[in-house]
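One chain, subunit A, appears in both complexes that follow, with subunit B as partner in the first and subunit C in the second.
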Partner chain A sequence: MKRFNSNQAFSGWMFLAPFLVSLGVFFLWAILRTAWFSFTDYNLFAEPNFVGLENFTSLVLDELFIFALRNSISFALIVTGAQTILALLLAILVNSAARAKGVARTIFYFPSIMSSAAMTLIFLWLFQRQGLMSGMVGNFVNLRWVILSFFVIAIVIQLALVAMARRKYIGVKLFDPYFLLISVLVALISAVIIRMGGFVPVYDEKLLISWLNTREVFLFMPRTLWSVALMNIFTTVPTLMLLFLAGLQSVPISLYDAAKMDGANVFHRFFNVTLPSLTPVTFAVVTLGLIGTLQMFDQVAILGAAAPLESRVTLAFYTYYNTFPPGGSPNIGLASASALTLGVLTVLIVFLQRRFGIKEKLE
Partner chain B sequence: MGKIKVSNVHKSFGSVHVIKGVDFEISEGEFVVFVGPSGCGKSTMLRLIAGLEPISSGTIEIDGEDVTHLEAADRDLAMVFQSYALYPHLSVRDNMSFGLKIAGKSKKQRYAIVDDVAEVLQLQPLLDRKPAELSGGQRQRVAIGRAIAREPSAFLFDEPLSNLDAALRVSMRAEISQLQRRLQKTMIYVTHDQVEAMTLADRIMVFSDGIIQQQGAPLELYDRPQNLFVATFIGSPNMNILPCISSKKGVELKNGTPITDKNIAGDPAHFGIRPEHIKLCAKKDANISGKVTLAEHLGVDSFLLVDVPEIGAVNVRVSGGAQLGEGEIAHLKFDQKRMHFFDKKENRLEQ
Partner chain C sequence: MLKSLGKSLLAVSALAVFSAVSAQAQTVKVSGFGGSDPVVVNGLLNDVLADEIAALGIEVEYAPTEGDYSQFILNALSAGTAPDVFYTDIFWSLSIFANGQAEPVKNMALSDALIPSLVDAFTYEGQLYSVPKDFNTLAVHYNKDIFDDAGVEYPNNDDTWTSFQDKLTSVQSSIDDVYGVCVVPDYARFAAFALGSGWEPFNADGKTVLDDDFRRAFTYYTGLVSGGAGVLAADIGEGWTGGCFGSEQAAVAIEGAWVIGFLKDAAPSMEYGTALIPMDPETGDRGNLIFTVGWTVNAASEVKSEAAELIELLTSEKAQQWVLEQGLALPSRSAMVDNAYLMGETAEQKANLAVFQGASDGNVLPFFFGELGGAWMEPINSALNSVLLGEADIDAALAEAQSRFDELQAD
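Here is the complex of A and B:
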């Protein structure tokens, strides 16, 4: 290959300069500085003094840091898992919409274009002790027998209709849409009659659920963070859905045809054609999801006093909290140590995912 | 097993009427080829039989059972696709046994069947590979193996050789032909390549414009095309079609050159003669003469394009090497037994 002359080399570097400068200043320099500060007692005002591993030992001894670590990891795993599955299902749903695919796509994308601050404020309101979410769950609990009868009636009617039709025609599907419509309608009317007639007990308990302002831990994550997870999933799923949609549209139709000829039903086709073909997209979605969720900051920051600190603290928020502690002096050394921990943790989890989870390429 | 009957089938995609009333019956063990230009409806017809597309009206029966509304899986057919359509994440062995697995066969049974099929198709060394590690020809062989492993009552081939290179196409064609003789199963084969059609078929159905233009044994289509479309579609190079009129003394070309002294019933408007049925001759015996504008020498044959004044270009195929070069005058004589006449509606006139 011909070597570039100095003139060409100069213009080449000039084109690269904007990227190199931003990479150098905001990435490499920032990392080096953070790494250095994590071994000092820097507090923004005094000259930093080298203190060895002191910051890291105080991290491990700080109960709040342990909370943050636990919260961040569980939040990342739960949200990434849930949003990946939901985005995939939603993409399949939108992709299979015969009509108005564009409209469906647009509607489902709306949550993603809202700013997360505005979204958090809306959810703060929904998650009030006597708010909409409590009301919805309360209704569900109080009307449990009516709801149960609705489903039982719908299933029984659907099965009966399909069984009857199958005696006359071959190839009637279990979820035949016309029968499904009839079953659901009849079940709905029956449920209303059951409710009005008082044939099953209807409770009138006032449920007061503290969605945010609680120290309670459900499974291994504070209830507050479960609520935040719900909100986070709501805003991220649409973007990920778009990635899956693009992936779905690149699956060759003839693969589905071949699977149909092989006798594969919807589930076989999903697991043997759709999922394997989407492996590269799924890898991207999971990796982006893990990185994004591990760095979760804005939503818990906006919660502020609406929830106790240890129920909402994440590693990113812990770093911020130590940089600008309310009423205290900045502890840049400790914050740098936790930021570094978060960085290493992110790289580690993404690596483990890639090694043992979903691969980048179909093998 | 493998009798297929198609009655008055129509298919529309939205407002586009693709299949416009097709009827045919295929008997057990027959090798039928659907041939036609692209967009003629041949692949759609195959997909209708397969059950991959719902039909708009009409019925399809397989072995006497109405399968019109059955799912593809319940029709006991296997299909081979142009793009191979192998499952990319499965090994060759698992690709071939996928249908058997869904049918509920045990692993032992499945692999026994796959091993048998692999032996027939010489696929044993490839059984543990993934499709990405195979060449195009190997992939199509696996796709055929997958179809055979299912032991269907009939096979459907949708342009299976179109993605292969020319040499491979010839050898795979021979293999498919041997396979059919060995399996004695009904096969429907879609292609736009008339050489494949002529060499493989027991019966060819020529599709155009959503209907069957003509069906019959390959040589029957060659010798007695029922209309102008079939006449020009079958045979390479294409049949020469020259305008003609009846005269008192038989039929003549529009410039008054007599072609035959026989009287052709009906009103002949088009005279057809295949390039291979025109001979070079002495000037006194010639029907027409003209200057050679293009001479292609293929060794066994030569193709001559002769520009005949007032008539136009005529294709001639002469056996042997170069007899005439470009710019020379060719005197041409039509084989009296191999002439075709068509009326104004482009239908064949019997002699």
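Here is the complex of A and C:
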């Protein structure tokens, strides 16, 4: 019996060995080396000399590090929040699609299969000062009165149609799809007539918006990173949508049936059945989101000279920037201190989220 | 009998094996940039210098590197896997030289044969560490058809900032959707004007002071856009002045000879000419930067003498003449200054001549910023960007840049 147990233990260790070795070499050893270098003046060539807390003091005194810290934290909070909400909404939309569910999932998942580098280059093009995004915003601003007319007409017609229908029939919904289609079509034709007839002012201002190449700060994050956030959300939401979709499909139908019988409307069912049931998935999505966004590097690295350094620097990029400063000697000590700070910050934020935010299990 | 025959055979075999081993060529590993550079190096190694390399009894193993070369070589040197011979760009040369990774150049005859300013650029603490293979400076390349259509005189070597701007403004106002020049918020181009003003990047104390001369150049350069002589390159979807020029959206480009190869691909039928950088009307001087790359022997190489001999071949007159005639780069040897090729009449030859002359006309400095490296340029680039985007006025931008320099260079 004892021999059997020892054989079993040996087999177990053998199965674990590849993972333990890679974990030991690429994580434990690497983190210990990084920790040691963070207390030295190592520059890749000379023997490292112990310098105490000098690198950490330099970090705090370096304005670029402060920018990086601010950018990383704000980017992580904004992107994680936005992508979680959007992924959930998208999952609900796809899950409730009556037809062509597979096609809908494929289309929505498509942005996630693009490589980050390719997607960044596409967005660089979209975000040019005279690019597509500026053009769209410019059109919106120049045609604001026409667009407003469209919405006003659509709303008025929809309300009128619903009101008329409710006189004859019971249970006509405010957003009845057939009435909505008619309202939108009529509003669209009216807006075209309004535009052609010159009934409302149409402007011809050429808007030049610096989406990336700017030092402007909006709220507490550089405008550059807001643009990067948009790109990041676009590419990560589909993957997170799949997680929520899996979660949604495991929620028992009986719960919804019971809620319906208790008179719960669609919002009650969402907040009292769907959201609580998805707690473990939401925890995973938020945790993965925080870790991923805090370590964001590739997109700002590809931006390169297209944006000022202080507007795009994140903690991961700051580490890289000090490892290979353009034209300068590697500053591995400072880079290691920065990498260590990022690691500790990531653990801390994930811990705080778990402690005060969304829990792993439904309580 | 059989026994003695066997012994003889054995001896002959052993001798043959020994001879083969002793005659085996030493392998010298060489690395260089990716992109179009392998065409040049392969041409030299396999065609132009093949006989000489064979005569040296060495075998060259050449492996170009795509991507960021400085990162590759720093990593490789640190890990002990670097090739015997590698490129060193003047921009990041200090990190190689100051850390003892380069073998000093011992051949004094070779260093004496090189253009002195290039030797100075690669000299660290009185010792030459790299053999400059070629160099580049900035010049004004102009599209003849655009100037003809606008009825404006071509830029020329007598242009001052004022006359140059007047020409660009006339072109821009004459032809729709064509700008005078693409302006980039980059010291690597702005320096052509800043240095012409008499401003020095580092004063006697090694500090950077953005004085009145700098301000004059800064005002002129940023005013090219607001004055109707140019456009911010990013605004028309370009990242460099050559890109705007190649797509015929700008009448001139301020670039080095590297633009020649680009134009061959991007605008093969373009009729273009080249002039020197315009002079500051106050000082009467031009400014310019020297961009240069050298061949370096790895200090840890086991075949240092063979590697040094190979570098001598790669920078020989024969090699440089071939490279020059291909229109690929300018020679680093003094003896080739009066080369007949440079006096030719083709657009490429004239462009090369202007770039060559740019190295010795006016205030010319290497594209090198000491220990700070590229971080030194950041305050200036940032100030240029802010003003060109209209996010700051000149006073505020320069005040912030000066404050950042003070912080960077604090003792």
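We take it that the second predicted complex is superposed on the first by the 352 of 363 C-alpha atoms of A that agree within 3 Å, B and C clash if a C-alpha of one lies under 4 Å from a C-alpha of the other, contacts with A are read in each partner's own complex, and residues count from 1 in each chain.
Criterion: contacts are C-beta pairs under 8 Å (C-beta built on N, C-alpha and C of every residue); 3 or more make two chains touch, one makes a residue touch a chain.
Not measured: the values here are computed from a predicted model.
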(message) With both complexes overlaid on chain A, does A:46 touch subunit B (first), subunit C (second), both or neither?
(response) second
(request) Considering only the touch criterion stated at the top, classify A:19 as touching first (subunit B), second (subunit C), both, or neither. (result) neither
(request) Using the superposition on chain A described above, determine whether A:131 touches subunit B (first), subunit C (second), both, or neither. (result) second
(request) Tell me which partner A:252 touches in the superposition: subunit B (first), subunit C (second), both or neither. (result) first
(message) Between subunit B and subunit C, whom does A:276 touch in the aligned arrangement: first, second, both, or neither?
(response) first
(message) Contacts for A:261 in the overlay, against subunit B (first) and subunit C (second): which applies, first, second, both or neither?
(response) first
(message) After the superposition on A, what does A:329 contact: first (subunit B), second (subunit C), both or neither?
(response) second
(request) Starting from the residues of subunit A touching subunit B, keep only those that also touch subunit C in the other complex, and list them. (result) none
(message) With touch defined as at the start, can you tell me which subunit C residues reach subunit A in the complex?
(response) 68, 70-71, 74-75, 77-78, 91-92, 94-95, 98-101, 186, 232, 234-237, 239, 368-369, 371-376, 378, 381-382, 385-386, 389, 391, 407
(request) Using the touch rule from the top, collect the residues of subunit A that touch subunit B in their complex. (result) 169-171, 252, 254-255, 257-265, 268, 272-273, 276-277, 279, 362-363
(message) Taking the touch rule as given, give the residues of subunit A at its contact with subunit C in the complex, in rising order.
(response) 43-46, 63, 125, 128-131, 208, 210, 213-216, 305-306, 308-310, 324-330
(message) Could you list, by residue number, the parts of subunit B that touch subunit A in their complex?
(response) 47, 50-52, 69-74, 77-79, 81-83, 85-90, 98-99, 102-103, 130, 146, 150
